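Chains here go by letter, A, B, C, D, E and F, matching the order in which they are written, and residues are numbered from 1 within each.
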Amino acid sequence: MRVDGRERHQLREVHIEKDYIKHPEGSVLITVGETKVICTASIEDKVPPFMRNGGKGWITAEYSMLPRATETRNIRESSKGKVTGRTMEIQRLIGRALRSIVDLEKLGERTIWIDCDVIQADGGTRTASITGAYVALVLALSKLWEKKVLTSLPVYDFLAATSVGIDEELGPILDLNYIEDSKANVDMNIIMTGKGEFVELQGTGEEATFSRKQLNELLDLGEKGIQELITLQQETLGEQIASIILNNK
Amino acid sequence: MRVDGRERHQLREVHIEKDYIKHPEGSVLITVGETKVICTASIEDKVPPFMRNGGKGWITAEYSMLPRATETRNIRESSKGKVTGRTMEIQRLIGRALRSIVDLEKLGERTIWIDCDVIQADGGTRTASITGAYVALVLALSKLWEKKVLTSLPVYDFLAATSVGIDEELGPILDLNYIEDSKANVDMNIIMTGKGEFVELQGTGEEATFSRKQLNELLDLGEKGIQELITLQQETLGEQIASIILNNK
Amino acid sequence: MRVDGRERHQLREVHIEKDYIKHPEGSVLITVGETKVICTASIEDKVPPFMRNGGKGWITAEYSMLPRATETRNIRESSKGKVTGRTMEIQRLIGRALRSIVDLEKLGERTIWIDCDVIQADGGTRTASITGAYVALVLALSKLWEKKVLTSLPVYDFLAATSVGIDEELGPILDLNYIEDSKANVDMNIIMTGKGEFVELQGTGEEATFSRKQLNELLDLGEKGIQELITLQQETLGEQIASIILNNK
Amino acid sequence: MRVDGRERHQLREVHIEKDYIKHPEGSVLITVGETKVICTASIEDKVPPFMRNGGKGWITAEYSMLPRATETRNIRESSKGKVTGRTMEIQRLIGRALRSIVDLEKLGERTIWIDCDVIQADGGTRTASITGAYVALVLALSKLWEKKVLTSLPVYDFLAATSVGIDEELGPILDLNYIEDSKANVDMNIIMTGKGEFVELQGTGEEATFSRKQLNELLDLGEKGIQELITLQQETLGEQIASIILNNK
Amino acid sequence: MRVDGRERHQLREVHIEKDYIKHPEGSVLITVGETKVICTASIEDKVPPFMRNGGKGWITAEYSMLPRATETRNIRESSKGKVTGRTMEIQRLIGRALRSIVDLEKLGERTIWIDCDVIQADGGTRTASITGAYVALVLALSKLWEKKVLTSLPVYDFLAATSVGIDEELGPILDLNYIEDSKANVDMNIIMTGKGEFVELQGTGEEATFSRKQLNELLDLGEKGIQELITLQQETLGEQIASIILNNK
Amino acid sequence: MRVDGRERHQLREVHIEKDYIKHPEGSVLITVGETKVICTASIEDKVPPFMRNGGKGWITAEYSMLPRATETRNIRESSKGKVTGRTMEIQRLIGRALRSIVDLEKLGERTIWIDCDVIQADGGTRTASITGAYVALVLALSKLWEKKVLTSLPVYDFLAATSVGIDEELGPILDLNYIEDSKANVDMNIIMTGKGEFVELQGTGEEATFSRKQLNELLDLGEKGIQELITLQQETLGEQIASIILNNK
């Protein structure tokens, strides 16, 4: 039995609250068990210098934790004067993942800024961020489309992420909370689309390794969890938007 | 009539939700109209170097806004690599104010870290932070006292803050929202105790000045608003804690 | 009796030496008791990005202390790689105050850089900086006017600052030196115009509070001190410039 | 046919030159096609603060490119004053990978600093760094063992890394050079041990996705390439050290 | 004729005002023509980490210019967040020079902080800083000696600096002001002791070169100027201290 | 006898390997005894802001050491977040020296970036960097000339550098290695042209001084060493380029 009573293949309870914050073009509060992340999408009418005059848009992400999102207080990165390596890795991952299911040419020379701010952390903050940020992004793009700034919704698939890992006693498990994550030998983040394709796969076995057979078991668990998350995303966004995305590309 | 229909001497609707975040020793979500701030209090069992071996405790505060708490997205201070002057001013103000009503000797060699994170901004974020942080602080200190780490609750007064200003047409007004703040000629933040004494007074008339008579009208409005906020703090903290604080000193 | 023999309502000896430094458009050395500050005003023919094409000018201030202006040596902010919160607060205060008595539209798209460098500190460095910087600013603007770059002197009032505080034994006192400032329960900086209006009011009672009655006594003292400082500014600038300013607006 | 005439499953020519630099405890120059990396291992007789008094050692890595290792000159990170996200990701990856095959308890409270400096880049610099750094690390540890500072060689497996990717025309390919990497739809870095277990798997399909079937083809290619790299490592280190590692654990 | 009417071998007018600032252990205002530098010496009762427990003292220097010491305003290094290369070179030069004539063992484990702050610049700020800092240093050390903290004055020679250069029309000239420095083909800073030995020699011919013969002419001029500066230092410090230094070593 | 068996007036063995790195327009590996530096020259088709529209080119240099180029590991400047004073001094020196023998007007509005990366250090890294960088620079400029971007080779002299110093027992010595440098009383870097003129002279006697006579002996040694280095540069660049440079100006 898992520490919180779940089955090995069971996600934690997940909620996605739309329009959580008033100002951004798109925003959600995503809750995965005790992990809570505010995800917002902001539209800027220009692209970074390296993309100018290319006719394409850009999506970039920032990730942060409130200092006391965690068990013990973390020093703010603004006080340290620099962003840690962990934060940079996560930011790059979120941005890269979201860019994979958006038609950047149809977006035009605009930047979508994704902000994922963890207000309470209990494991899986980067995968919750991706799953939530996807919804915030679609909300913001829908607004552009409704305003006829865009002639179509430039999103051609769903996208969600979860973690899987190997517990020494239980074997492969889905959606690790903080305690499980601390004990796991192997930890893997999986990002997949609604069509069941991989967007990103990051598996690591610090002070441990894993076999090809174990990898396959982990991937099976991950696929199942992501399908459930995508179903929730579809419900949150509503039937109309969901069917447009399903029919794109 | 004010832009949101209030009377000149009327506060916006204020809520203080206790224990909003799971990990910190004390936490609240304070809502003042459309302004929302998460305030947490974290206890550390040591003091900064300049206070070591003095037998006294310390209270320090940090303040931040989510990038999209505002109408347009702000660059994160962690990305800029430095904290702005405005943030520093606010952090210093919050810490100074809270230290004025805590008995730092009874606190002992401990630091209380106050974190005020604005998740939605509509004017008055610094005063809402102080009013909310006071409650988070008392919650954290109560926990130390309940655990018998402290032999008494080292808080000897209530403390709340609000803003007042002069509108060109309406004259002095209480608790300015963002639109009012942008238009006001004079802007003043007032921090007062439950006993009606001033802790801090910061009035500024950028591109304007104000007379002694106007100052007095502003102070009258501020006193009234702060009394209402302190009543709400007492309700939030509960009768038992409120009466202990009232009887201290 | 005060530590340096002054009456409670007495300023320290104040001198303002014009044209102290050769290169700047305006410069003074202001001496308030043992506090000495070099104030310079430099003219730049453009405004910061956020003000471009608005037809208005800007005034911004920087403040610093020589490392050994104080009793013990301070680390240079350039060595630390960042400006402290205290410095930022003071810089913002000086700039804001000076902007309140200048007609920024008549100034045109120019920036006046005010630099206040404390070469010896004995309390009241920020208020001495403001009083001195005002004179340096007017000198620089007069030069623009004499050269016919400006068609009038765009200054419509005098401006000076002083501190007041509450000494535990003596009660309210004017113009605190370092020793007095260290002991005072309440410390207030007041910035006023020649017409007797407030520009800025910052009162704080760290580890203490103050009543409305005490506030009024402090304001009385401050008004008196500022009138004397403004008389000295008028003498320093000379009758011609003084009367132009008095007649403006 | 690939751009440089290789077969799809063929590594570029690889050389590992031992003891390339005079001062470090271990050093190599690894050449993979046109990619050249100097890898050094330096021993420090203490561990970082978070590990003190735990009786375990630590391995940490730094990675950098000479400004002109690449086609166009890159600004030095020391000039920028900060390390980019890409560099941080690579550094963390190298350190994590090497820690997975070293017995940190047998290492004792020592830190091994791995430095990977790319002097010429043509794709695959991070995987070449890991493959080379492994050899530098073993050389440094052997020296500690020869000097009887360690009672055994605390390395219990070989470790090498390579990249695989999907070319739009050729399909899955092994060990991508810069041109191939720029064009590839999917890019995956694989780190494996001599026993054929995964240590880290990072697959990403920016602006593309990949199926489970494609994943399996990529893993087959990667396994083959890594076996060849490990054979080269064994030759470089010599039979004696190779057999000790093979017999460990 | 030189631009300011001097002979080729003539120094500008030089003044050294002792005890210019109240707090530091030693301080002077040195004036060389229109160049004015405040030099202070501060004593700290410990040495930097790399010198601890070596029984020797240390002398370190910092150099800065007020933003408007120069014709056009310079951005403060504290605002830039870093010290420029030029400043670092000068700081290192001043510290190195002063250490060469102090017996660091007799100084004991103390650091002397030298601060040279240029309040008005007209060429030769670094050499004026050295000549002035020497006097501030001796004043501070004398104070330690008078208080019997030191059993002798640990200074065994005088030390002064000047610049020489080659003017295209006039040939070699002594003590260049800003205009001369801007035009000079070759610029050399010379630091010498009272006994006529070199401590430091830095000659550079940006976009020009100089012959061995020209070098000799420059050195002759420099020696003459430095002797005059040392005579002034002796007068400033007074006969008693001067004769102690002359008799040391 | 010197520590490595050389005569007092003898250089270490020197090699210059052309085109050591593939991407840069010019590159060499220079080996001076055990000191090894990669020098590259990169061409950028613009000049820094302060030179724009002046019709002249610019040469700027950066210098760095691999962390383990030295006996003990140095912290990377990118990790520290800033460049040390020593590095800045060396960078400025290299750039200044190279600019002295290039016709910047004939270069046109281009910047040549010189990068000197020390991969192994044993004394004399800055002088080896200059001697090597000169060759890399000429190689890059020749390429521009061969491509007819420049109508002539804008280099009008050779340029090399070496160090000289005073050993307590041996007296003046040429080209100090690390051990000799650590022990030397006086250390001087000399940069000269093929025509035997000085470009830069930096002599320092930390905790020591030197006489005019000693200076002359040091200069004699330096001249001899530099002539030998220039002969090697001529051989490396080949007769054709050497004779063009000799005939320029």
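Please note the rule applied: a residue touches a chain if its C-beta (ideal position, glycine included) is under 8 Å from a C-beta of that chain, and two chains touch if they have at least 3 such contacts.
The structure presented is a predicted model; accordingly, all values stated were derived computationally and were not measured.
By the document's definition of touch, chain C and chain D have no common neighbour. Within the contact network of the assembly, the step distance from chain D to chain E comes to 2. With centres defined by CA atoms alone, the chain at the far end from chain C is D.
With centres computed as the average of Cα coordinates, no chain lies farther from chain B than F. Annotation: the A-D interface is duplicated by B-C among the options B-C, C-E or D-F, judged by over half of the residue-numbered contact pairs being identical. Because chain D and chain F share one sequence, their contact can be compared position by position; here over half of the interface residue numbers appear on both sides. With centres taken as mean Cα positions, chain D sits 52 Å from chain B. Centre-to-centre, using mean CA coordinates, chain A is 60 Å away from chain E. Among the residues of chain E, those in touch with two or more other chains are 81-83. Around the closed ring of chain contacts, the path that opens at chain D and continues to chain F reads D, F, E, C, B, A.
On chain C, the positions that touch chain B within their shared complex are 82, 84-86, 88-89, 91-92, 96, 99-100, 104, 188, 193, 195-212, 215, 219. Only residues 21-24, 27, 34, 38, 40, 42, 44, 62, 64, 66-71, 73, 76-83, 87, 113, 115, 117, 119-120 of chain B touch chain A when the two sit together in their complex.
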